[in-house]
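We just call them A, B, C and D in the order they show up, numbering each chain from 1.
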Amino acid sequence: MNNTFGTHVALTLFGESHGPEIGCVIDGLRPGLRVDEDHIAHRLVLRRPAGAISTARVEPDPFHIVSGVWQGRTTGTPLCILIPNRDVKSGDYVNLKTIPRPGHADYTGAVKYKGFADPRGGGHFSGRLTAPLVAAGAIFLAALAERGVHIGTHAARCAGIADRPFGDLAADLEALDRAPFPVLDPERGEAMRAAVLAAAAAGDSAGGVLETAVTGLPAGLGAPWFDTVEGLLAHALFSIPAVKGVEFGDGFALADMRGSEANDCFRLEPDAAAPSAPRGRVVTETNHNGGVNGGLTNGMPLIFRTAIKPTSSIAAPQRTLNLATGEQTELRIAGRHDPCIVPRARAVQDAVTAHVVLDLLETP
Amino acid sequence: MNNTFGTHVALTLFGESHGPEIGCVIDGLRPGLRVDEDHIAHRLVLRRPAGAISTARVEPDPFHIVSGVWQGRTTGTPLCILIPNRDVKSGDYVNLKTIPRPGHADYTGAVKYKGFADPRGGGHFSGRLTAPLVAAGAIFLAALAERGVHIGTHAARCAGIADRPFGDLAADLEALDRAPFPVLDPERGEAMRAAVLAAAAAGDSAGGVLETAVTGLPAGLGAPWFDTVEGLLAHALFSIPAVKGVEFGDGFALADMRGSEANDCFRLEPDAAAPSAPRGRVVTETNHNGGVNGGLTNGMPLIFRTAIKPTSSIAAPQRTLNLATGEQTELRIAGRHDPCIVPRARAVQDAVTAHVVLDLLETP
Amino acid sequence: MNNTFGTHVALTLFGESHGPEIGCVIDGLRPGLRVDEDHIAHRLVLRRPAGAISTARVEPDPFHIVSGVWQGRTTGTPLCILIPNRDVKSGDYVNLKTIPRPGHADYTGAVKYKGFADPRGGGHFSGRLTAPLVAAGAIFLAALAERGVHIGTHAARCAGIADRPFGDLAADLEALDRAPFPVLDPERGEAMRAAVLAAAAAGDSAGGVLETAVTGLPAGLGAPWFDTVEGLLAHALFSIPAVKGVEFGDGFALADMRGSEANDCFRLEPDAAAPSAPRGRVVTETNHNGGVNGGLTNGMPLIFRTAIKPTSSIAAPQRTLNLATGEQTELRIAGRHDPCIVPRARAVQDAVTAHVVLDLLETP
Amino acid sequence: MNNTFGTHVALTLFGESHGPEIGCVIDGLRPGLRVDEDHIAHRLVLRRPAGAISTARVEPDPFHIVSGVWQGRTTGTPLCILIPNRDVKSGDYVNLKTIPRPGHADYTGAVKYKGFADPRGGGHFSGRLTAPLVAAGAIFLAALAERGVHIGTHAARCAGIADRPFGDLAADLEALDRAPFPVLDPERGEAMRAAVLAAAAAGDSAGGVLETAVTGLPAGLGAPWFDTVEGLLAHALFSIPAVKGVEFGDGFALADMRGSEANDCFRLEPDAAAPSAPRGRVVTETNHNGGVNGGLTNGMPLIFRTAIKPTSSIAAPQRTLNLATGEQTELRIAGRHDPCIVPRARAVQDAVTAHVVLDLLETP
């Protein structure tokens, strides 16, 4: 089932960019979880275009909970969220069926759906579909917070500028949840914005790297084959439009290390929750493996990064085909386009991560 | 179902490193596919330790087809393959339950399975389980070759040494299938071996990067949410022991590119199979996206890389815990261990890739 | 995933009886299928209360297609249908949480959902949820008709009165699709109505047996283990509220037969589509097995029956518990209740059958 | 995945009747469950031919646990059981591919598997495959017994003779586990044997009804849509060869009842485990609904029946086709065939029931 993900907590996405509504159904939530509409609205705001570096299309993202909530709490039955589409300018996209945009799914989608897909605004492929994902993610994040699990994502790189690395995770994650621009060092954030604006001014776009930390996980989640923690997360993360790579811990840098550098040695840490206990908590001295050994969580923070390619829609002219005539043509993409989705995509990455992590925690 | 993967062609793995047999069940193969036991044996040989840089444990890997094959062809019913375990020295592993090896699943597995897992040789977590995966992969590779789809993997990096990049894919993939050491440039292969031996001589281990190419795929396989081609492949690839990152096309390098560099422009190519046809085949001028747009194949070669961390078992002493006493201890891992699994892991990567690709092709 | 059914064509149900809307998401439909809103409306009418023997609650069932249809055809992406709830009188149900109705899910649902489920009108357990099922079924029935597969259900028994058996299936199925009261013999239908009214007048309710025929199926659908045609259909059919039994062909009557009576002998029938062909179509002389041998369709009409228990909501007083106090109490169910759901349930049985059959046809 | 069943505890069947081995893989068992090989052997004995009324083929059913058990307990990783095939006389079956036996899957299997299936002994369709099912079931039954859940099945009818109904379930289930012929009243069992022998003497075969009781289940298992307790059980039960109907509680008899007869009224029962507690256990006065309300267990014993058609293989001549020539022919089935599988099928029904019930209990 392509549009459903999750074993115990299953999320189904539906809708097209220019249809009446988009939405999702979440099945498998425990009954009794508090559902805070303000928190959902807050997470949807983090997904909004962030000032100058994002598209000017206004997305206030009102939402409507259709089912699965009664008196402010989950009922345990499927929770459906609807988000109406508004401010739609379909005229911008009319010829996408014949003149596919490079880097987009116009061509591949036309082949898969045999020409019947709704082409307006990218249809079901649109990044717009991440809005219900983020709304669902807000519910997942709240459910995790009740269990002491916290998630945050920052732009480790954006338009060639690096953020500072994660430090004190408790403080960093709390700050990120409030930060409209997802960086740990605001000055580097300003440099990122400037670099993105420079790309946009050149009719071009920029990419980056999103880094996520998850704290508070117990050891032993996941499986050796095939539902490794890394595999499950990567499966979901590659649904975020523009993600082209996923790495855990030191990731690709591990390829050039030696085992003596890469292994994380075990030690005991006094348990803050029970300081007088003779035995502590098993931790590792380093975290080169990003909190995962043998496909299972080891109790250390889960750390991973995604590679976000630069936005495919650019103002500069590009070569493409007219599929109706077979002739080469030059495409100039008009309309409003975000020159860099990295800042907004962090809200999606948080949501997708929260989904996978909650699903892992619900696995018997 | 943790140990089963695949929607239409489902593979279930079972067994422990030091049990009587390990094996797999493949369900969903079309009836009538030829099953060539010599080809299976050949692929199992590619997974064997390659001379000096691999463990001295001998693995001739005899195998036994239990079901699903009749008169040399698949029946369409579940195909079970058994591989007996031999030459087992369990004494080497007796205290893994109390003294976990850094980088391994000893600790995380003990938590997940509450201390009941078979600890001998890593039990169900052992890389030994990749033998039935490779045997199954041989059947998948043959089924794909019948449909004009070819797969090959080389060590793009190993112990810090780079192979040459893919060139003529038809020739490269054919050469790789015969090459015991998976490089495109044999001289660089020699340098890799030397670098691995140097690491081993220092009581240490090495990692690398495996790069795979898949040719002959039609456009339109995959889905926008959640069963993207990238997501499905990554899900499976992270089951290969030691994989800590997966990237498609230019992967993490895309993060610093601009859209005008990263987009692959469309053009028509005369169709070799129908040279007089007025219309050709839709291709892209470049392949920065690794053959995937919007989560779907675009008809270009599928290209991706995995990061392989250095082997966790090293001869040098490491700090760890005695979980029974809570005391810090020093661990020296005896026994035979492969200082670098990169060369052997390519057979596993081919197998896993073949599984996912065949499953995608069988999706209605 | 509890609320999702189907391997290739997956249906997800959501909503509560007294929530703002109920609905469903269908994933896996082929692109390009015509979607006729009048046909959907017609099938929803067949599910409406049929005059005197049904509840007086008016259910005009307007519906709204949210996604998955573009220019009158399926896009191949998820198709969401919403049906608003109207004319809701929640006051009738307020104390169901403490005083469970015999025969209903009030008690079992309270245990499963730990008291958090929406109790109004039965919440997610309500027969109201069959409205989106029937709407989805209309799309499935149309997709099947394009492939020459036809489905129809009649009340083989209702309130103790038997309908005539199936005869000329082509004519019978066509007549059933137009018949508001699902019988093959209208006189027996009148007798059924009278018997239901007699039960209702006594403050009581009635049940019956629904028999379904499916024509036009090829041989070879299904599987020996575990996705038998019988098993898949039964799995889905037991979701129809009040179904307590499912039998295929002669069903329970086979238990007392001998093999020589129960076996359906094979013969060739001249193929109407190719009358001059030397070879015909393989058929069986009889159809005691209801079109299924070894879990697979054999090309004969698929025939099965469901047992529908009498409506649980009755006007007569019943003994039950006050769960809050633990005291025995007498319950009188007020409100509008259908004294016999058999006539309306046939639309649901058609829909569920169409879903399973389409899913089987889409299996590679 | 056709040959896999179960959401949390997944069972995969493989093998053909005349292949080297048949077997199964169980995935999702909790670690630490005791595995008693004598108990498995006992359950396999209950599936053996019971004296004169069964086939003379000897089936001592040795078995071999390949994986998933360590020091007598489950490891939590996949448990594979192999059962070698012996005493095979393939010659009896050579022409099944061209002359299909009425009532069997020879024709439908040939269509589904395009003529490539192993025809010997029915291949993968053979009732022989129920041996690994019963072996797996022994493990499930033991896991359930540890949790106070007990299962037993009797021949409620066989060859037209009725057993007495269930009475004291604790005593009845205990007796059935020891009884080689599964009846509650041994005299009626003798009458059944005589009736079966009479059918066999006439070159014919007999069927019956198997009735199962499950005690000790908590309320609240199952789901309203689609994974109802009835639907899940029926899905699995129809895999038992020859089952053509499934009914719960009063089943088809409910069709002619009125609601006031069919509803099970609630009352409190003093809790035997806590006799001084002021509040007791919620029970129903009657059990017409077989322990299920709204698709969920209600804490009463789960009661259901299956219709077992008479054995398809009979000695008397039958009409069939020669598929190679298209000519009508007469078939006389030689070889050893069980004139009535009802007594043996009870071991399979227990196993299948135990699987579904354990899976329900493991659902979060």
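Things to note:
Everything below uses one rule, namely that contacts are C-beta pairs under 8 Å (C-beta built on N, C-alpha and C of every residue); 3 or more make two chains touch, one makes a residue touch a chain.
Source: prediction; values computed, not measured.
By the document's definition of touch, common neighbours of subunit A and subunit D comprise B, C. Two chain pairs, B-C and B-D, are weighed by contacting C-beta pairs, with B-D ahead. Among the remaining chains, B is positioned farthest from subunit C, on the basis of C-alpha centroids. Remark: subunit A and subunit B have CA centroids separated by 27 Å (rounded to whole angstrom). Each chain gets a centre from the mean of its Cα atoms; for subunit B and subunit D, those two points are 40 Å apart. In whole angstrom, the spacing between the mean C-alpha positions of subunit B and subunit C is 46. Residue positions of subunit D touching 2 or more other chains: 2-4, 13, 77, 112, 124, 224. Those residues of subunit B that touch subunit C in the complex are listed here as 8, 77, 224, 362-364. The touching residues of subunit A, counted against subunit B in their complex, run 2-5, 13, 100, 102-105, 107-109, 111-112, 124-125, 129, 157, 160, 199, 202-209, 218-228, 230-232, 234-239, 241, 243-268, 278-280, 282, 284-285, 289-290, 293-298, 307-314, 316, 318-321, 323, 326, 328.
In the complex of the two chains, the subunit A residues touching subunit C come out as 1-4, 10, 12-16, 19-23, 25, 27-28, 31-32, 64, 66-68, 70, 73-80, 82, 112-118, 123-124.
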